[in-house]
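Before anything else, here's the structure in question.
Naming follows writing order (A, B, C and D), and every chain is counted from residue 1.
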Amino acid sequence: MKLVHDPIHGHIELDEFAVRLVDTPEFQRLRRITQLGMAFLAYPSARHTRFEHSLGTFYLAKRIAEHNPEIEEGAVHAALLHDLGHYPFSHTLEALYPRHEENTKWLIRHGEIGDVLREQYSLREFIELFKHPLVSGDIDADRMDYLVRDAYYTGVAYGLVDLDRLVRNLYYDGERLVVEEKGVMAAQSLLLARSMMYPTVYGHHVSRIASAMLVKAVELEGLSLEEIRTMDEVDLVARLRRSEKDEVRELVKAMDDRRLYKRVLYTNRDPGEGAVEELRGELEAEFGHLVLVDYPPKPKFEEKNAFVETENGLRRLSEVSPLVRSLVELKDAHWRWGIYARADVREWVERFLKTFLD
Amino acid sequence: MKLVHDPIHGHIELDEFAVRLVDTPEFQRLRRITQLGMAFLAYPSARHTRFEHSLGTFYLAKRIAEHNPEIEEGAVHAALLHDLGHYPFSHTLEALYPRHEENTKWLIRHGEIGDVLREQYSLREFIELFKHPLVSGDIDADRMDYLVRDAYYTGVAYGLVDLDRLVRNLYYDGERLVVEEKGVMAAQSLLLARSMMYPTVYGHHVSRIASAMLVKAVELEGLSLEEIRTMDEVDLVARLRRSEKDEVRELVKAMDDRRLYKRVLYTNRDPGEGAVEELRGELEAEFGHLVLVDYPPKPKFEEKNAFVETENGLRRLSEVSPLVRSLVELKDAHWRWGIYARADVREWVERFLKTFLD
Amino acid sequence: MKLVHDPIHGHIELDEFAVRLVDTPEFQRLRRITQLGMAFLAYPSARHTRFEHSLGTFYLAKRIAEHNPEIEEGAVHAALLHDLGHYPFSHTLEALYPRHEENTKWLIRHGEIGDVLREQYSLREFIELFKHPLVSGDIDADRMDYLVRDAYYTGVAYGLVDLDRLVRNLYYDGERLVVEEKGVMAAQSLLLARSMMYPTVYGHHVSRIASAMLVKAVELEGLSLEEIRTMDEVDLVARLRRSEKDEVRELVKAMDDRRLYKRVLYTNRDPGEGAVEELRGELEAEFGHLVLVDYPPKPKFEEKNAFVETENGLRRLSEVSPLVRSLVELKDAHWRWGIYARADVREWVERFLKTFLD
Amino acid sequence: MKLVHDPIHGHIELDEFAVRLVDTPEFQRLRRITQLGMAFLAYPSARHTRFEHSLGTFYLAKRIAEHNPEIEEGAVHAALLHDLGHYPFSHTLEALYPRHEENTKWLIRHGEIGDVLREQYSLREFIELFKHPLVSGDIDADRMDYLVRDAYYTGVAYGLVDLDRLVRNLYYDGERLVVEEKGVMAAQSLLLARSMMYPTVYGHHVSRIASAMLVKAVELEGLSLEEIRTMDEVDLVARLRRSEKDEVRELVKAMDDRRLYKRVLYTNRDPGEGAVEELRGELEAEFGHLVLVDYPPKPKFEEKNAFVETENGLRRLSEVSPLVRSLVELKDAHWRWGIYARADVREWVERFLKTFLD
């Protein structure tokens, strides 16, 4: 048993096997993967890492499991490792590489951590546990931890959730985590918190511009999946700084000095993927790395896994809570796509766009 | 200049005139009027009073006025006094007497505090300032203070609002407090917080049962408006304890000992006011004070005063925020009416109801 | 099992027997005994009660007992009831009546709560448990709760203690609660917090003046011990307001309106009890209730029960921590005695004192 | 005017000139210098940087200056830049290079930031302002920010200070920041907080071991002052990982994987610098980089700048507060020196030490 001090949960107790998982190079790498990627350029204090978040998710998963003895221990250890495969700057580089979940599996199969796991689990069965509702539902330990943690480190007020009440009122029916009646308000507040954290923090335009710059730099550098798999943020930034390509060095220097590209366009009117891709081609041909097109996928909010127990049996939370229903409906409200340009070429790009769009 | 220590706002600075207002018997009486009435029987720690809330409202009003020099000083002093007329246990007794706003005016016209006010203001003009958007809007200093304060004292997580951001992004256009674009998320979170505090705290069934008991006791005691106007909670409870009527003493003893009536019916199906009143008559005839009918008005959520500034000019917040729109639509979702009975007669009442409803 | 929401500890779980104790009139009375007595005239938000504090003490006692299975259940229930006998406004009236611990025993022997206790305990043995180190040490559940709680409700920063770390590092050796090495810093911070809360909150001069006024009013009213034993604050204040003596009604009105006596003298130079008592006699003869002499006992800080485990065996905390040692040495540093007078006679009293002291 | 969101101070307002200072590469570099160096290996969440701390120090300095109009604006801008010269991992490498204050001056004289400063200040005069009591006293904006911030990010309870009360009760007498009487308790709590943060956080043995490993790696790598001056943590770690020396790569890998050296000796018995240096020589000769000797200087706690205003004129805080006096006396109480060895050679080192010490 080992205790880790944590500002969100107080003291996190790690069992002996969890300590051994944490003590592998793969897990320690998470200390050097920031939770919110480039968001620190909008919220300077957001320097927390996937390491703390992984411990916090483990803590909450364990507390939920204590109330639900039928949840197997493996699912709690899977909660600890669910973010193992994140690339440097977390989600940012998923625009270029397979989703981090794929890399989690790869690291488990090829790293020291797999050797530890094999002592207690079949790797194949363990990997299946990442689909467990403890960490893959709409109301799960992962989301409960990151919303509260991200709010704490950014200082933004929108992430407060009554975790204690929620943890006490979740039961596992063998398939899902179901919210009991006394936890409905807390569950609703979790989903509301998420919907407010998105535009405020996760989708802050400063963070998006810097992310687009990083993606471009990595793309230009041409890093292979094999290279990126095990890199931490030191490896990646150092590599870009030493690049042989002027454009890459220029981009990373601009990020370091926070001399960010400016918005030429930022809108929720969607011309369709085809039109955007055509435009991207034109802009690249004309301006190269000086202009970036940022066209993110529409947010998914299927809310498929949030079930509550009512006197009339299991119901989707969206049926019970009109507020949550409106969240589903408005899922696109904060979606934006953008075109960003280096400050000194912004006007040219604006003129080019006008011509192009005419 | 005087400083008052406050857990919500740190130190509240009172100007000299505010100190003189606070130092009157009418204002000091607010120290003995609890903010949340009978809610302390559900949330034991909710013992804060209208006194602290009034100071907190003054603090926020003053900060908003600092950003908006055209707001007159009188409006800030009106914010300090906006709750002066609350009866013991705050809103509870408004079921029997005129709304507290009327009593505020009466106390100002007849109390020492009026003498102080007259030195600087015309009373008639001052009283008009209670309609100022600083304290009578959907986004105002009053609500900003009470939501955060009530959350702090109850320990409920749903009242967190980014007050600083909101205060910095309100401007007064001569008629309304308008939310600037950077404050929209904070304004939205204020209204969401309110919508979650209602079912969780303000409308908690324990609080409603105890309130219904208190209303019945005061009604039986037959206290006149003249008597209740200046009472504090000590006066009222002591008076009820000394009542000549057994029923009154029994009710107040039951509240003191937290031996509360039980719910026989608690539903959001509304049979209409006529039917409920008929039933109330029947139940009173049969059971007297042993059964209470609690049929509150439907909540108003007109959201008529929340305006935001957008690139397309002033818009209602509900136009801009689908979440707020859904709040307007679901305003009745948590409305309930109830029938409560002393524990030992509950079964009889249930039988009676069945007969009556058949 | 019942859950009570609490801002300090989150959710407090009450076992079935604890619920039955809480549901007695004697325990419910604590809802109407404020924790800090007259301190709310210095810190308006300090309206919390012995009820919440008793639940919080129970919570911490239970957590300590969970780590120390040899602690008997009775000691945890004694923690719940340790403050049962407090008079209105807590410690204030102990100047006139036996200490509240005596009244706790009396209420247990004569109240409904005794009937509940007898089902599980011998009253005589139970009463012995109030001496258990869980609630009667220098590092105990009582103090741990009240320091953090009083800091929260006053908004004063000096009461923060790492309760979780302390609870995890206390063990019961059959006689004492001993602090393990990892808890020494937290234990030290508890004692430091106490030493800073005393001058800032507990001994604030506004609170002391108001307390002296209340003591005088109760003394003049001549309330017997039998009368005060079961009174709550409503009973006491209502009784004083209805007094037949003008002086009593005047004093209670002055407290209600916060028109407090002023300091004529406030010093840590101690002329000795004899001289003070002589002066008190002279002042009373000359000014009656218009002048109050407030000569409190010197604080005890014997720190006799705080033991820590070191590699060299058990040691007193004061041996291990020079800071704590200095606390013992400076225990009188903040002691003051005072003479307070109604504002309009202050000058006369000053003149009288000069003559008298010459 | 620009606003930066900060979890400690809410929103920090930057004036236009401050924005220009912040927007230089030298200041942006601070985003990549962690505040607590290797302490994150003991407190995983301690990933905050000198960037946020610098902004927070500026904020507090500005608030103090608002109360003290005679403080020149330059001193507030100096507060913003007081930590500009920190090397990677903050104080850690000051064992090898000149103190960071020297590097601050060098960067100002040689960096872009100097060009900005020259527009408004004489560099020579500006550099003198780093000695201003705003940032170089025992009670100053620097310390006020870092104690509260470090407590927040580590989750340790010992750093709470009533900053608002302290800021309101500091006045500048042309030479010093003097604490007014109402701020004495807050000032005392600041010094107590520091004294408890030292052993708990700043001097945590895990942090010290990792720091000793880093110092050794940098020493072996032979980085010149010219090289280290402008490095951030990415530069340094990447450089060490690419080292041509096996020992350096081994050390940095061990830090990355948190496979830390173990304590062979850890004691407050001081054999004197000569003896320790002799021992260091012997151990290096025998074990090379596998054994590290960590012999830090004794802490200074001269408390020379903390003055308070009393009715008897200016006094040192230590004269007024026995607790602070005891802090001065016990300044060495937590001093330790240590010998750390790679786990696999620990036993050999122990045997060697025994022989050597015999």
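Heads up, the rule we're going with is that a contact is a pair of C-beta atoms (placed from the backbone, for glycine too) under 8 Å apart; a residue touches a chain by one contact, two chains touch by 3 or more.
Which protein is which chain? UniProt says A, B, C, D = Phosphohydrolase.
Just so it is clear, the model here is predicted, and its values are computed rather than measured.
> Could you name all chains that are in contact with chain B (Phosphohydrolase) and with chain C (Phosphohydrolase) at the same time?
Intersection of chain B (Phosphohydrolase) and chain C (Phosphohydrolase) contact lists gives A, D.
> Is the C-beta contact count larger for A-D or for A-B?
The comparison resolves to A-D.
> Let me have the rounded angstrom distance from the C-alpha centre of chain B (Phosphohydrolase) over to the C-alpha centre of chain D (Phosphohydrolase), please.
Once rounded, the distance between the two centres reads 49 Å.
> Between chain A (Phosphohydrolase) and chain B (Phosphohydrolase), what's the gap in Å when you average each chain's C-alpha atoms?
Each chain reduced to its C-alpha mean, chain A (Phosphohydrolase) and chain B (Phosphohydrolase) end up 41 Å apart.
> Per the centroid of Cα atoms for each chain, what is the distance between chain A (Phosphohydrolase) and chain D (Phosphohydrolase), given in Å?
32
> At least two other chains touched by the same residue of chain D (Phosphohydrolase): list those residues.
10, 156, 165 - these are the residues of chain D (Phosphohydrolase) that touch more than one other chain.
> Quick check: in the complex, which residue numbers of chain D (Phosphohydrolase) touch chain B (Phosphohydrolase)?
3, 10-11, 164-165, 168
> Would you tell me which residues of chain D (Phosphohydrolase) are touching chain C (Phosphohydrolase) in their complex?
156-158, 160-162, 165, 185-186, 188-189, 192, 195-196, 199-200, 322-323, 325-327, 329-330, 333
> Contact residues on chain D (Phosphohydrolase) for chain A (Phosphohydrolase) in the complex?
Against chain A (Phosphohydrolase), the touching part of chain D (Phosphohydrolase) is residues 4-8, 10, 23-25, 28-29, 31-32, 34, 40, 42-45, 47-49, 51-52, 55, 152-156, 232-235, 237-238, 241, 256-259.
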